[in-house]
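Input: structures, listed below.
In the two complexes that follow, chain A is the common piece, with chain B as its partner first and chain C second.
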Partner chain A sequence: MTSLPENTGKKLGLVIDLDICVGCHACATSCKEWNTGGYSAPLSDHDPYGADPSGAWLNRIHSYEVGEGPGSKTVHFPRSCLHCEEPDCVTVCPTGASYKRAEDGIVLVNPDTCIGCKLCSWACPYGAREYDFDDGVMKKCTLCVDRIYNETIPEEDRVPACVRACPTGARAFGDLGDPSSAVSQSVAARGGFNLLEEFGYKPVNKYLPPRTGASDLDPAIVTQPERIPKPDGSAVERLFAWADQALSR
Partner chain B sequence: MSKQPAIDLNDPVGDRVAKTTCYMCACRCGINVHLRDGKVRYIEGNRDHPVNQGVLCGKGSAGIMQHYSPARLRVPMKRVGPRGSGEFEEISWEEALTTATDWLGEVRTNDPKRLAFFTGRDQSQSLTGLWAMQYGTPNFSAHGGFCSVNMAAGGLYTFGGAFWEFGDPDWELTKYFLLFGVAEDHASNPIKIGIGHLKGRGAKIVSVNPVRTGYNAVADEWVGIRPGTDGLFVGALIHELFQNQKIDLDYLVRYTNAPWLVIQHPGAADDGLFARGEDRDPIVFDKATGDFASAMSVETTPALTGARTLADGRTARPVFELMAERFLSDEYAPEAVASQTGVDAEQIRRIAAELAEVAFEQEIVLDQPWTDWAGRRHDKMIGRPVSMHAMRGVSAHSNGFQTCRMIHILQILLGSIDCPGGFRYKPPYPKQAPPWLLPQGALEDIRPREPLGGPHLGFPLGPQHLLLDGDKPSRIDKGFTWDAPMSAHGLMHMVINNAAKKDPYEIEVLFMYMANMAWNSSMNVPGTIDNLTAKDDDGQYVIPKIIYSDAYYSEMVPYADLILPDTTYLERWDCISLLDRPISTAELAADSIRHPVVKPDRDVRGFQEVLIDLGARLAMPAFTNEDGSPRYPGGYPDYMVNHERKPGIGPLAGWRGADGSKTGQGAPNPKQLERYLENGAFFAHELKPEQAYFKHANRDYLNWAVEMGFRVEPRPTIFQLYCEPVQAFRLAAEGHGTRQPPESHRERIRKHFDPLPFWYAPLEETMLDEGAYPLHAITQRPMHMYHSWGSQNAWLRQITAANRLYIHRSLGAKIGVVDDDWVWLQSHQGQVKCQVRLMDGVNPDTVWTWNAIGKRRGAWGLSDDSPEANQGFLLNHLISELLPEGGGGYRYSNSDPITGQAAWFDLRVAIKKADGAHETEPLFEPTGTGGLAPSPDKIAYGAEFKRSGR
Partner chain C sequence: MHPAYSVILFTTASGAGYGLMFWLSVAYALGLTPNSPFVLFVAMALALLLITIGLISSTLHLGRPERAMGAFSQWRSSWLSREGVAAIATYMPSGLLALLWLIGVESSLTIPLAILSAVGAVITVYCTGMIYASLRTIRQWYLGLVPANYLALAAATGALLLGFLLAAFGYAPAWTATVSLLGLAVAAALKVHYWQTIDADLGQYTVEMATGLGHLGRVKPLDPPHTRPNFVMREMGYEVARKHTEKLRRLVVAFLFAAPGLSMLLLLTVGGWGATLFFLLAIVCASVGILTERWLFFAEARHVSMLFYGSARA
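Take a look at the complex of A and B:
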């Protein structure tokens, strides 16, 4: 059993805007690219050119339809560790390899003490942990802990690789423990929600819902000006009369 | 609680950052390549770069696996087994270049047209085109004929610009965005960035697409249109705008040919041409003077309506009247198009009303004075914040040219071209409409060892500009003939077919670059393979010699006789030139370079490097000094700096002049590439605020464009609602003029060459029993993959290694299939067996799949049991490169009759359940592996970067 910090100073996490995400996988591949050479190195790939290619990814995108018929919608859903406030994946860890950082709430795995027992992946209801079969240890989103404080890179780049790459701006990074932060404000404004709230793990990451319905303009504009009744040609005549105004070049 | 381990939070990313340009697709984003110990550690977007502004897509972010692909070719090769066997022998570069020089030299000496040089997804057409001109063959183009020529030609003939590379929506100011037929491609990151901006601002996005994925999934409104009917939908929108008088008349009078008078003289040789004055300028009727006046005069009040009698007694009517009659006709009424398009009449009506509301009631006024082409000062810029973008879904149909023109006319009627909130040109566009560039390569101009007089591709104004000698086509692809008179990008998709049939003539050498013609870049793959391997009675291949350059072991490689291995995008020099396919934005004239950021670990050379070398070996004037020595001994970078197209104008526009102080025009600067490298591998010149909009008629912009060499003179671009060159071809079909189409083509030309855009049914379906093939079949490109290149990418193929055929739930229920069941998909050309997936967000009469996921066994370094080869499939096998036989026995190319654009979205199919299948059909024999080492069964990329202390 591994214990949790009583209180984290910050609650660093991601806010993912499902209204904007187009499902391009940039966050997934940029994550893979950064992390295969970063804190979690390597993120191994098995049978990469064969019948059943698979590998460790810390972020995956699922595209699916919600509902059927005219009301149905296509949703792109990026999925990674939510850095829960009360994560069972940490408390089940028999060696203390899984831990939640006291200073910022990031949930990490210490690869030196992970024994690859996979209890944590069983405990996580979000499927956010991935066992690296070739490396023999559990891998998971680190919130790019090796980027966000890294003084060797420009300050504006000290964000997770997924946020850095996202072409539509659907991902934001910040302190969700600070109500005045930009991420907290957007959660408040847009009705950001927790994934599987009822499980009680208190995810730090939040999702912003797709805006409902098209922002249709005032239906009044659909009202047509009075139409000249048939016969044919009358619309043309009316248009020509209107167009026969003095227009200078 | 356990003690937290200490971790290194400040590990440097790498030991070096190199800024260059991505090549994972045609988007050409700026990238920062972080290198550690000579290996690629991480690739991110360059924040300063005009194209991607720091972001990077799913493909670009997987660049490491592209660069280190085991399918990379390693060394030049010559074929030793039969074509297709993949049996090669490694040879030296000297032997490869000597062989190529011998083959090419002999043809150049005897009959240069017997070289067909086509360059696929080439981003260096200003060089490859120059090389082909210098060689003297008429047979050159890149892949535009099967990609986007309908969009390019439709736009350039109409308003001197086009979507994508030539213009963008005003992402910052537009309030209403209409997106036609775009999945991922063209462009990638700019559209994603733009959609993010639009959504953030609450602008409305309406997507018109048979499939609701990607961008279409986040649109505020999805119009699930039936493929090939966009022209009816747009025509109905125009109908509504005319009906409700929601037209920007001022804009039409000022910037378009709406008031120009068109001669009404049925049966005569001048019917449908513009009435012209003594100075040959078109004329208008000036209401102020009650007389005719030059259309170019600014001192007029031109009439938009009213038939006039010309001095010689002929009648003429303004374009506006003809156009209004066309679109106000009942055939474009929303009710009339509803069943064919699958779009409800009320929805069409509402969208038209919304367009008008936003354009006219929500106009944008910028406090920015500007001066028009006639010197008149305007104290504000007034915008109609409606913008549009269209690509594949319009382009790849045989009615794409006219449909594309119709979309532009919709934009123009709303007054939304190059205004705040509308569509914006990207320099060097706008050009004149059409650009002043005629196709070169008439048979009488082809002489041994002599260059052509000019570029191959251009914009004919009538039959006089066709490349025909009598009835004989000049080009192997029959470009610029009666088959496809305005084929401004050539017809690469017809080259192999025509060459194998020796129609119009035999070729000796087929030379291709980066074009997977033996697989997903051809229509009718089995037929193409037959053509590549066809033999004469004497046992010799009908296409005697094939030279191919590619970086990877693609399906095309086994069919070539001589392989010139190219580098990866991180190992090469390149220039993305304003002479070619610019990376400009609406506010920046920009170009960029690639440079080698890692050294090849193989014996490979950049194709452009090789081309310059061959140019010197073949003693082409542009590549040789007078003493016969190579003009660019330093290879491609030497060419990039020192080549001048005209004095002072070269491939790169930035830091010209001996001291680097000149932009656009200036002497070569020996330090130019250093300056590019210092600036992150790109150059960008920012337009002044007074030049930012109305570029087609903005004096400050036009004068600057002349200085830059973009335009010949500062006359405005006048939008051609009515396209006179099109009418010139129609007149020929009606029997006028000396250059006449063959009888077999007359009716086809007469019908489709309408100077006002109109909708007609895609050609293939009109020649088939529609009941037998009730469904449309189209493809989309996945956002995380591009063309074939994604399949070898160890990361990307974990996302998609096999494609499914997506069908509507109602269709699934009808034929009794559920997810992953197998079906036969049949066309008049052939059949393919594949697995289905059911969905809601697709037009019920349409099935679709991801493009180019299916692979042939042996290629791309994949194992023979890979999903790509065994479950993945191509629709290409179903698409015929020829239309069914029509009257007279002639089989036309399956292309747009105007531009020759390959009509691969016209495909019609039938579907039925297949029983007991576990692999796709047709399943092709493995290609051999070209001597490449087996691919690894495990990757632990990055383990070498792990340092102690973590």
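Take a look at the complex of A and C:
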């Protein structure tokens, strides 16, 4: 049913720390690797090794330059479905294939009833849904619903593939509806925020801002231009010039 | 937004079909149509044909057309589903009416069926407009003017079709040209107002809001996530250059509104003589015009998700 649940028991989601993400794309490739064989299988690619590769990915890593001058930063910015509390991608679906789970808030597409009309992707301001041209249905982040409850895999693996893969620990998974959870506490401590808050979809996933202050470079130091010494015709220079000529013969 | 040809054909063909159905049904209920069930049948059959071509065309852009039946289930929340339900529901009175006219049966049911067909046509076209007007992600679509535009253009093109059919069968009541002219005038006024509205709004969302990094300064894309455009960029990132937009808008004004309008004015001035030709000329011009109008409706639409890919405002 594409009507949204009144409220969800849990609000499972991700917290992404923009301060320590290094933009290595390990989360994106790990996501692709797991999901092309899991719930979302297949995640089709076209011309993957050719000149014009394209394909369905559920996680994309942008890099932005933020600010200007010496204090500017490069911020690596992973972007995937935010599992919003009130998203229109669910309500616009004509078939009920796009739905939000009442028990944990995960937004999913039922690949058996999706007709591939793409309207849900039009309704998403985050560009989080990607159409699979081979499968004819819409694909999106499942929060690795086939890992997090999976009792056949070791307990430490029961987190989304992107979280498991992140080498810097920039991604965390948990219940953002529970104020005592580790993810909720890091959001409270670091001033975690919503993407495009003004839009009103109430994303569950949160982003932690890059830290500012002590780690920033002193602008006075970095604005000093590099000094390149000019030739001054000293004895040492003349000696090397003579050696260069002598050896070039 | 990427202009899918199947959706352009769907919205224009079914729009004209529902417009024809509306005017035919209203005129019949008011006793303004010729007393020939066969002519009425042909007109309703043409309306149903255009609607059906449109609906079949709309399934062409689906990834899984064989599952299209499922789209009738979510009418509680989805305008796309409501449109499907309204379209199917409208087939019933209009189809029955066409059948009664075909076999030439006099029945007290024809007037109520005509009223139901007219109401169904309006509701279905309104739903088509609302599919777009309900998307908050596209400010050029998230407007009450969008369903109004769809309704007015369906009415104008449908009136031309009805006028042509009646003239071709040797009936040329002056009201068909008057209604066509009025429909074109209203549609033109709404479309120009629509263009002024979308031009005046620069967009309230910025890349700083999208990334939440505005407090650190200006946000500029440095490295894209992928080397070649992905689905989101091709589907939502389609844009038409500003200079082309202006030319195409002038083309719409000339072909969709001015030429057919002039044709109707001439017809009203010279009287019934050559009515078929005037209507045919108007229909040919309006067809070019409305296909361009619908293409522009998509190509001018800017999607919020493009903020992540370097669009400054949306």
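The rule is short, and it goes like this: the second predicted complex is superposed on the first by the 213 of 249 C-alpha atoms of A that agree within 3 Å, B and C clash if a C-alpha of one lies under 4 Å from a C-alpha of the other, contacts with A are read in each partner's own complex, and residues count from 1 in each chain.
The rule we apply is simple: a contact is a pair of C-beta atoms (placed from the backbone, for glycine too) under 8 Å apart; a residue touches a chain by one contact, two chains touch by 3 or more.
The structure displayed is predicted, hence computed values, not measured ones.
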item	value
Touching partner for A:I115 - first (chain B), second (chain C), both, neither	second
Which of chain B and chain C A:E130 touches, first, second, both or neither	second
Contacts of A:E65 with chain B and chain C, given as first, second, both or neither	both
Contacts of A:V92 with chain B and chain C, given as first, second, both or neither	second
More chain A residues in contact - chain B or chain C	B
Touching partner for A:Y39 - first (chain B), second (chain C), both, neither	first
Partner chain in contact with A:F199 - chain B first, chain C second, else both or neither	second
Touched partner set for A:T212, first chain B, second chain C, both or neither	second
Partner chain(s) touched by A:V75 [first = chain B, second = chain C, both, neither]	both
Set intersection of chain A contacts, chain C complex versus chain B complex	2-3, 23, 25, 28, 53-55, 57, 61, 63, 65, 67-68, 72-75, 96, 113, 135, 210
In the complex with chain A, residue positions of chain B that touch it	1-2, 4-5, 7-13, 36, 41-45, 47, 52, 54-64, 70, 184, 188-189, 192-193, 195-197, 199-200, 202, 204, 212-218, 220-221, 242-245, 247, 249-250, 253-254, 287-288, 297-306, 320-321, 324-325, 328, 330, 346, 349-350, 353-354, 356-358, 374, 783-784, 792, 794-799, 801, 809, 839-841, 861-863, 865-867, 935-943, 945-946, 950
Chain C - residues contacting chain A, complex	1, 61-65, 67-68, 70-74, 76-81, 84, 131, 134-138, 204-205, 209-213, 215-232, 235-236, 303-309
Interfacial residue positions of chain A with respect to chain B in the complex	2-5, 19-26, 28-30, 32-39, 41-51, 53-55, 57, 61, 63, 65, 67-69, 72-76, 96, 99, 101-102, 108, 110-113, 134-135, 145-146, 149-153, 156-157, 161, 164-170, 210-211, 213-218, 221-222, 224-225, 227, 232, 235-236, 238-240, 242-249
Residues on chain A engaged by chain C in the complex (per definition of touch)	1-3, 18, 23, 25, 28, 52-57, 60-68, 71-75, 77, 79, 88, 90-97, 113-119, 121-127, 129-133, 135-137, 193-200, 207, 209-210, 212
